[in-house]
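The letters A, B, C and D name the chains in turn, as written, and every chain counts its residues from 1.
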């Protein structure tokens, strides 16, 4: 094809993009520090799995901790590897609405899907797994209506 | 030409209003309401109809008037303006207030029809002794309504249950609680004459409640696409007096045991 | 804002004017479109991860990692691999910025290799699931949500199928050695088949016993206990402190992998659905990244290429970011 | 010196000034104008198909099971020339799919977005012409998937355009093709929308600040944002449905679910999950289907009222407000779906609030017409009818937003009336207006005004005959998606009304012949248009008609907003955006370059 394509090489704009960068350009060491931090943080969330983790009986603590760690890691990657720390304010225009929308989607799903056993039909309960702590002791009366009727 | 087009646009509010004025005359209107609570829905409908009707006529007439009045052929001087702050504020605040009012005004009716579940009994809490048992369990399936009454002992899910298809009978003047289920895909349990509509969702047991004020027989419509036979998924709901209802239920129970017995006698039952 | 004078077209062959623009943001168009693309990706993964979260926390129960042969150390290792690859991408860009093309090429290759390692590990992990019958659904899946009569009859059916298969096999061998009884006696396959048949008959008897107990027991607890016992024998559930490999159950299915009996994993089906969906889409994103990296290998990665490297880097970091959340959510929660 | 006069010699500057061969110029072109026209032609053809499918629907509803004249025997030989109930479900599913995904969305964003964005902001093309080209070519596999689905075993998708599981999981291959087609349309839209955003942010001519952009561009811009944030969720949901169908995952089915006595599926999910994810996209999508039309209509109304747009900034803010609120109202499609009723309450309040920005827009359009100097051209008539019709469609939305009322009217023809008023009477009329308005720019020739007015008159009449009466059906409770509504006693007496509606629908499709003829003939025979036949202010009108490759034969520099009609500053009744103010700059800052 003889077509050249229209790759717009905005030479001068490219310089603009890094105009703010020069002051921060401490080179490679910055990335190494971030890398180490990420490794340590991965180790930290992995720690919740080890037997030394004191809160095995309260999973919520572990979950919160891990999400906090993940968010920190995400921030490090976004700020340094993706250079967002050095970007102008437009970054907020993109990230904040997306974050809000995903959160709202999640929240609105909770009452229906998250609490989907609220209005459960018996037919479903027959096949549904039981909560782990229910154990073998107390039984729900409806569950008696199991295949016995076959 | 401007005049002509303005008149064409005037047809919209004129014929629109005429449509809504004449429709009731030809029974093209809300089907008769035989429910205790349906009138609140109808009332809200009329309220919104009047409100939007006024807005509709107002805006359409304004458009007509401007088209007539500011026809370019008349060569009037143009009113060069970029807008008006105070007008913007007025036409933001007034609709906002109106809409907010409708929003709040209807909440009670919504709560009555979907939130204040009579199953909870007088104390309003589910799972206590005074809970109301369901009158009937309706299971929608392609393409029929399976109905199950608790029978004499009032407990669903035992040998005593009465099974019926499509022919829903219910006592009049009593609070009815339906457990709505689906055996396959989505359906919707629509009683136009009671202003009741609720989708049946596989895996869910959704409570539906209403109270009929008049005897009679009405359509049960399936209002959610459920396959090729969606159009024929028709049932009937018949409201009868308590006595007639009990009698009918007894008879159905006898029929049912009779067929089961004869099947057992013939060895038909696995 | 100052008007940045940017020439739109570098090629004047078209014979039309190059126009001047008034850009709204001080970044290149390429970078902007990549960022916009990434925000659509955020919503895509928000849909997937959000679904996972509500399904998981709304589920009556969820399998423990060990029950679905999920190994946390492997997951952590893969997290580490991706972090390394993120670093190598930025280093690639830094080298390119300094016009150090060979170093840049080296870092690019490192990234590429790390991405491949990630996928290799992922394949190994998938295989661990598949070999245990953990698929999203029938016909391959062997997961049952609870030990009920359905389950017991599924076990019996599987055993019956095994028996008829083994019978056929042994008949075939016998036919082959019809004229050679001595050879038949020494045939190792036949011996093994007989051994298996013995086990299958024993298990069939057990399963039938459980089924009858469960169906006839006048007390639910006894029936439950029998059914749970069967399930537990096939694949024991629960956390086993000490077995860190994630693979050290000792049920019938592990002792005799050929049995492939149905297993009970409460919540296992939804687990499999979400796990494969999330990791699958993440893996697809990794593959796309690797394809681009592969295409970059013949390129000269000098100053001219920094913009491009930065953009693909942004994408790659995003893929890493997704994994940063997937790892705890899928492996550690 | 007015820059309009600059470069008159280039009026006939052809789109193919450079040697590129037929294929790369007209087929695999990267020029935004050619791509826009490609979208326009494709969508018009699909529009025709969608309209014919609608007639199939109307035929069945008015005369259930009656043999279709002439074509019945050809199409439904097996059923003795009648539509089968199954085919009826295919009809409305595909009618809606075609209309929404292959007509309205691509004609707004694909055709007009592509054609107008660079021209109106003073760019020579999109920021990424190759991606732009791909976004058109990704439509083709989708066209093929959806088109061929009619011929696969079991027929095309038949679970409604909403594709609610579990029904859609039991469907035949048509549904798989539907999902694939939609995913591809999604990919196309995504590529379009990120490209449009980049172009609008980065490639505006000097002086073209955000608040000097025409409303069309604002509509397109916000639409692109909506697409970018909402569509990926549908794509994710579509993949989940695809894996549910093909790999047996259980996102949308409960435990133990089985249909037709098949073995119980593993499940563990919830049918409502699809509805949430689907409407999380599809509610913003209804605004995707109207915001660009609102923008174009604003431009047309201001131009033919010869008066500045009333309240430019409130108009912009209300578009943004609609977009923002649009993300938090999706639950209003699910009031009776089994959704948690408390959630229904919150969605009701947000839905009420979304009427507010629409109200602001409506009043500002009226304000624009007020005190103007109205020229009753065809585009103006269509634009005014957009306003008149959108009011009806919007007000019927208020009934449905009221949760208790929605209990009764949900899934009745009241809903059908509502969305045809906003989609057909609103958007499609806006699109007709836009075609009449920008046709001279696209093809360098004018369309016939008389034919246009006849087209308008009958479309307007028939459209109201068709859709207004549907409100009445809805008030009786007449359900939608029903192959034979007279099965129910309650609806027996509605058949005459349905027949009337069908006659109007036939009339409406028939008068489109006038439009088609006018469109096709004018392309070749219409009088030459010149650069600015409507004396409009927008930058696109200062470029040649049709604009050549690279769009402008001068460097546009912008001095004012696009709505300075009858400005006291100018002696003419219009004042192009790039005309230097008297005295301020005798010469534009950058002299024209040739």
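As a convention for this text, a residue touches a chain if its C-beta (ideal position, glycine included) is under 8 Å from a C-beta of that chain, and two chains touch if they have at least 3 such contacts.
The structure presented is a predicted model; accordingly, all values stated were derived computationally and were not measured.
K.L.:
Can you name the chain whose C-alpha mean lies closest to the mean of all the C-alpha atoms?
P.N.:
The chain sitting closest to the overall C-alpha centre is D.
K.L.:
Averaged over CA atoms, how far is the centre of chain A from the centre of chain C? Could you give it in whole Å?
P.N.:
18
K.L.:
Taking each chain's centre as the mean position of its Cα atoms, how many Å separate chain A from chain D?
P.N.:
35
K.L.:
Taking the mean of the C-alpha atoms as each chain's centre, how many Å separate chain A from chain B?
P.N.:
41
K.L.:
Could you list which residues of chain D touch at least two other chains?
P.N.:
Residues 125, 127-128, 229, 233, 254-255, 257, 264, 267-270, 272-273, 280, 338, 342 of chain D each touch two or more of the other chains.
K.L.:
Hunt down the residues of chain B that sit against at least two other chains at once, touch-wise.
P.N.:
Touching at least two other chains: 202-204, 206.
K.L.:
Name the residues of chain C that each touch 2 or more other chains.
P.N.:
Each of 8-9, 13, 23, 25, 29, 36, 39, 43, 46-47, 51, 54-55, 59, 145, 150, 267 in chain C touches at least two other chains.
K.L.:
Let me make sure I understand the interfaces: which chain pairs count as touching?
P.N.:
Pairwise, the chains that meet the contact rule are A-B, A-C, A-D, B-D, C-D.
K.L.:
Write out the stretch or stretches of chain D touching chain A in their complex.
P.N.:
Chain D reaches chain A through residues 19-21, 24, 30, 125, 127-130, 229, 233, 254-257, 264, 267-270, 272-273, 276, 280, 327-328, 331, 338-340, 342-343.
K.L.:
Okay, in this complex, where on chain B does chain A touch?
P.N.:
157, 181, 183, 202-207
K.L.:
Using the touch definition up top, name the residues of chain B that touch chain D in the complex.
P.N.:
1-2, 5, 8-9, 11-12, 15-16, 19-20, 23, 27-31, 40-41, 44-45, 48-49, 51-52, 55-56, 59-60, 62-63, 66-67, 70-72, 75-76, 78-84, 87-88, 91-92, 95-96, 99-100, 102-103, 106-107, 109-111, 113-115, 142, 184-186, 188, 190, 192-193, 195-204, 206, 218-219, 221-232, 234
K.L.:
Please name which positions on chain A make contact with chain C in the complex.
P.N.:
4, 6-14, 16-17, 19, 27-28, 31-32, 34-35, 38-39, 42-43, 45-46, 48-49, 51, 59, 62-63, 66-67, 69-70, 73-74, 77-78, 80-83, 87-88, 90, 94-95, 98-99, 101-102, 105-106, 109-110, 113-117, 126-132, 136-137, 139, 143-144, 146-148
K.L.:
Looking at the complex, which residues from chain A come into contact with chain D?
P.N.:
1-3, 5-6, 8, 97-98, 101, 104-105, 108-109, 111-113, 115-116, 118-119, 121, 123-124, 126-129
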